[in-house]
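Scrolling down, you'll hit the structures one after another.
Here subunit A shows up in two complexes: once beside subunit B, once beside subunit C.
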Partner chain A sequence: MPSYDSVLKEIYEVLQPFAKEDQSLSEETELVTDLGLDSIQVMELLLQIEDRFDVSIPLNIMPDVRTIKDLVLQLIAIVTRPQ
Partner chain B sequence: MVTTPSDNKLPLRAADFATLAEALDYAAEGDTGCNFYTGKGELYAVLPYAELREQAQALARRFHSLGLERGSRVALIAETHPDFLRFFFACQYAGLAPVPLPISINLGSHKAYVRQLRDLLVSCQAAVAIAPSGFVPFLEEAAATMGLRFLGDPETFIGEFPEQAAALYPLQSQEVAYLQYTSGSTRFPRGVMITQQAVLNNLASIIQDGVKVRPGDRGMSWLPFYHDMGLVGCLLVPVAAQLSMDYLSTREFAMRPRQWLALLTQNRATISFSPPFGYELCARRLRPEEMAKFDLSAWRVAGVGAEMIRPETLARFAQVLAPSGFDSKAFLACYGMAECSLAVSFAPLNEGLGVDYVDGDYLAARRKAIPLDPSTAQAGRISSFVNCGAPLPGYEVAIRDEQGRTLPERHSGIIYVKSPSVMSGYFNDPGETRRVLSPDGWLNTGDIGYRIGSKLIVTGRQKDMIIINGRNIWPQDLEYLAEQQPEIRPGDALAFAAPGPDGADLTILVVQCRETDAGKRADLMARLQGLIREELGIDCFIELVSLHTLPRTSSGKLSRSKARQNFIDAHRWEAMVQRTRPAGELNLRVG
Partner chain C sequence: MTIFDKFQTLAANRAELLASGINPFGVVIEQICSPTEGVVNGHPVILVGTNNYLGLTFHPDCIAAACAAVETQGTGTTGSRMANGTYTGHLALERELADFYGYPYAIVFSTGYLANLGMLSALTGRGDVILLDADCHASIYDGCRMSDAEMIRFRHNDVGDLEKRLRRLGERASNTLILVEGIYSMLGDRARLVDIVAIKDRYGAYLLVDEAHSLGVLGRHGRGLTEEAGVEDRVDFIVGTFSKSLGGIGGFCVSPLPELELIRYATRPYIFTASPSPAVIASTRAALRILATHPELQDRLWSNAQHLYQGLRALGYTVGPEPSPVVAVIMQSKAQVLACWHYLLEQGIYVNLVLPPGAPKGACLLRCSVSAAHTSAQIDTVLAGFAALRDSVLIAQEAC
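Moving on, here comes the complex of A and B:
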């Protein structure tokens, strides 16, 4: 099972290009409200995550992902779950 | 697993059936059916119509265990999955009315999504609600106090209700075939009631006169089943014409748009529809070196509808994909809405897009579309509109002014239609039904357009409705969010769309605000932008204005159209561009 910190680190890497220049990311950063991701950017983000972690992100988790921390926890659950 | 074939041993019948159940009964005699693909292009389920019929009938016999009143509503969260088809047709055989419900893919939308589901369940007075297991918790939260007869996933349904031996009595031609909630405000949902007779009338016209389906055709779709084009156009048309279909889920398409083209290439599909936005997303994402991978030469009908068509977008797609064998003559513009089952008009086949170039200034000021020669006219004056073709047989169309007078050719007004395909009304909403549907059967589409001979040109959809990259946003929903803020009172907010610097619409919310402290004003704007992103998934330009500055009509009502004009007159786009980012939004709730 991947550690929380290792997934978090990777998510920061994936998200860095989506952040504004002077914006620092934290676990509490909200993807839509703080990063201002629109729905196309959300799709690009999901694609990168799916490719990087080699997972399929279920549709039903999307309404429950608000912060970076939510995303990391959901990802750990997906990776851990038997496929 | 092997895909169902495109060729069928059955002679093609073009929806000459009395009911959807009869249509499936016939399709089930052949070899065709539905094929479901993952985002990575793997085939994960094959559902021949023969199996669909058998499984739907078995589920219908289980529905009999519930002892529901005939016509009871069965809400189905409409994932792109064989289970949706099984339950949709189970309702047909069991004499129940299916109601497709949306899937939310907006991040962090939990609260808003549950509220939307609750509003829909209440509006349709659902007796049963079924969802893929991952969506059951949302439904449970939404239906907490409703006392539904059953709420759960397909497995639980099957486990709980045994098959009854009693004969099936499918929905008959005068009965409601389904309720469609795709169009309209998320706050104030309206359920379009479509009878079997209406939808079969429309299906027959689409198959015979619109797309002119021929033996060996094959369809491909990534449109959601809770959308009229996805449900009627891409699920019911194939059943009623015995066509094989390939399905990709909407989110998978949004993540990997090239998968659409890859599947068209792989299975040599001939018919596939998309709102303009889907074509745009593809054109934007594709790299020139990829074109060799695709062979789109079989794609004879590239349908375009569900939102205003901007010819430039499609021209770019055609240009980018010409090396893959895409023929721009395959573009087929169409016009329709859920209230008409689906389709009102189709442009002629094999001609590509027909564009009418008119004097935009004159059209705006005098509501008359004067043709201009695009090669000589001053660029800023030209407005180009796509010709959506002649109405399907059985349709009467009239363009009327606001006083209800019928207008001549090339005069712009509200589009009214009359046809056997038109809805019987909005479910449980006689007031709203009366507002749009006259006793003699004329439907006020709310759309604006003009005609050239019998050909329809749509210049603006749904009065006041905001369409951002294909998504319908109702100004009431934005205004409601604003009015919920403690600083803002009812009647202090107006929302509308205004063209941005690149010609695409931006969403604007103008709010009357008492607050003078700059920090608090900034806080209000940020809060509203966050709420709007969360609830509606769009970026919105917010402007705070002083009290008593929102314009009113002569009868004292707030006027969105005047506010819009004031806004356009008062702003320079250069200034706006710095403050809003052009939003890229997905086209998931169109129609």
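Moving on, here comes the complex of A and C:
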């Protein structure tokens, strides 16, 4: 099972190109409010995360994802879920 | 804080649009003269954004059938079929659709949007998985949201990505429904159906094909991509609409599976809405007969589609990935597409404006849809309008 910190580190890497030039990311950074991601960018972000972790992320989780921390926790739940 | 706060971004975008003096989403077609001609702002326009693929909206047989139905059965059904009764026309249309496709089962819905809502919300539920092509129509996304199924997108027309996701599902692949479209509504490209069917069979999943834009457009008999690809015996559900090639309003699902009859009792968008009116049913039945017996309409449609698609390419425009009656012209920016759309309308050419996030990958489109009813001269006029657009607007913008 991947650790929270290792997943967080990888999510930071994926999200960095979406951040503004001088914007630092934290667990509380909000994807829409702080990073300004629109719906198309959120979908692109999901694709990149899916490739990196070799998982499929159901769109159903998105209403529960506001911050980077929310995303990490949802991702860990998906990665560790039995098939 | 109020319930309207969430509309602030929308309000700002709308205000920006109106301030530019252009209101593309408020176009009033003051007169509709024929399937391809109307009057907008007091000026005649060629309609190149109607989805009226076979041009049947003014067909005398359809009009006569609708008029006769109003005279003999009234203007509306005033309720749902479950609660207020089925008319014989509803049953007849369902039988005719089933026969047309060669499947035993059919359900008619009140709109194409409701057909997807009705099928997807009832067909899939908690514990099931939906794998949908990323470019699927909003009605498919909304239907998925109404079910409790897990909703997973695969990259548009990427068969490898679809297979990868099925493989990840393991045993759950057998209660997975794959959703694709015959022709995708924004860019006009076809699903890679032969490959998709092979994968669906390999993993034991189910497949629903939305033929909204391909009924009457593809296949020797007009049955859509499933017919053209030769996979009619391997598809589980076909959904379609009456509002495009059939020139009416309504939707349907046909299937070789007897379980479709059970869905009728479980689908809220069918149970809790008024059934299609007698006039709509009658004109749709007439249109279906015309579609099935006049293949020359499809020939004319494709001749016009090739004419416009190749003509736009020759003018240097970036168009959708393959020739189709949906011809998308891909523009560079929101400001550019707005200016171009407005210019074309002033030249008497009405096309659809598509702004992000309406099209795949956030593209800005001038979306054209061709009809069998267009004359070659009309297509030439449209191309001349696009040529003038290139010379008057686009080259000037590049110079800036």
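Just so it is clear, the second predicted complex is superposed on the first by the 83 of 83 C-alpha atoms of A that agree within 3 Å, B and C clash if a C-alpha of one lies under 4 Å from a C-alpha of the other, contacts with A are read in each partner's own complex, and residues count from 1 in each chain.
FYI, contacts are C-beta pairs under 8 Å (C-beta built on N, C-alpha and C of every residue); 3 or more make two chains touch, one makes a residue touch a chain.
Worth saying up front: this structure is predicted, and the values here are computed from it rather than measured.
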- request: Kindly classify A:V32 by the partners it touches after superposition: subunit B alone (first), subunit C alone (second), both, or neither?
  value: first
Query: For A:V55, is the partner it touches subunit B (first), subunit C (second), both, or none of the two (neither)?
result: second
Message: Between subunit B and subunit C, whom does A:V65 touch in the aligned arrangement: first, second, both, or neither?
response: first
- request: Please work out whether A:V42 is in contact with subunit B alone, subunit C alone, both, or neither, and reply first, second, both or neither.
  value: first
Message: Contact-wise, after the overlay, does A:S3 reach subunit B, subunit C, both or neither (first, second, both, neither)?
response: neither
- prompt: Who does A:S24 touch here: subunit B (first), subunit C (second), both, or neither?
  reply: neither
Query: Of the two partner chains, subunit B (first) and subunit C (second), which one does A:T80 touch, if any: first, second, both, or neither?
result: neither
- request: Name the residues of subunit A shared by its contacts with subunit B and its contacts with subunit C.
  value: 38-40, 43, 46-47, 56, 58-60
- request: Report the residues of subunit B in contact with subunit A in the complex, numbered from low to high.
  value: 38-40, 79, 103-110, 113, 132, 134-135, 138, 249, 251, 254-256, 281, 530, 533-534, 537-539, 581, 583-586, 588
Message: Which stretch or stretches of subunit C touch subunit A in the complex?
response: 134, 144, 150-153, 155, 165, 168-172, 356-357, 361-362
Field: subunit A residues within the subunit B interface of the complex
entry: 30-33, 36-44, 46-47, 50, 56, 58-66, 70
- request: Would you tell me which residues of subunit A are touching subunit C in their complex?
  value: 38-40, 43, 46-47, 54-60, 83
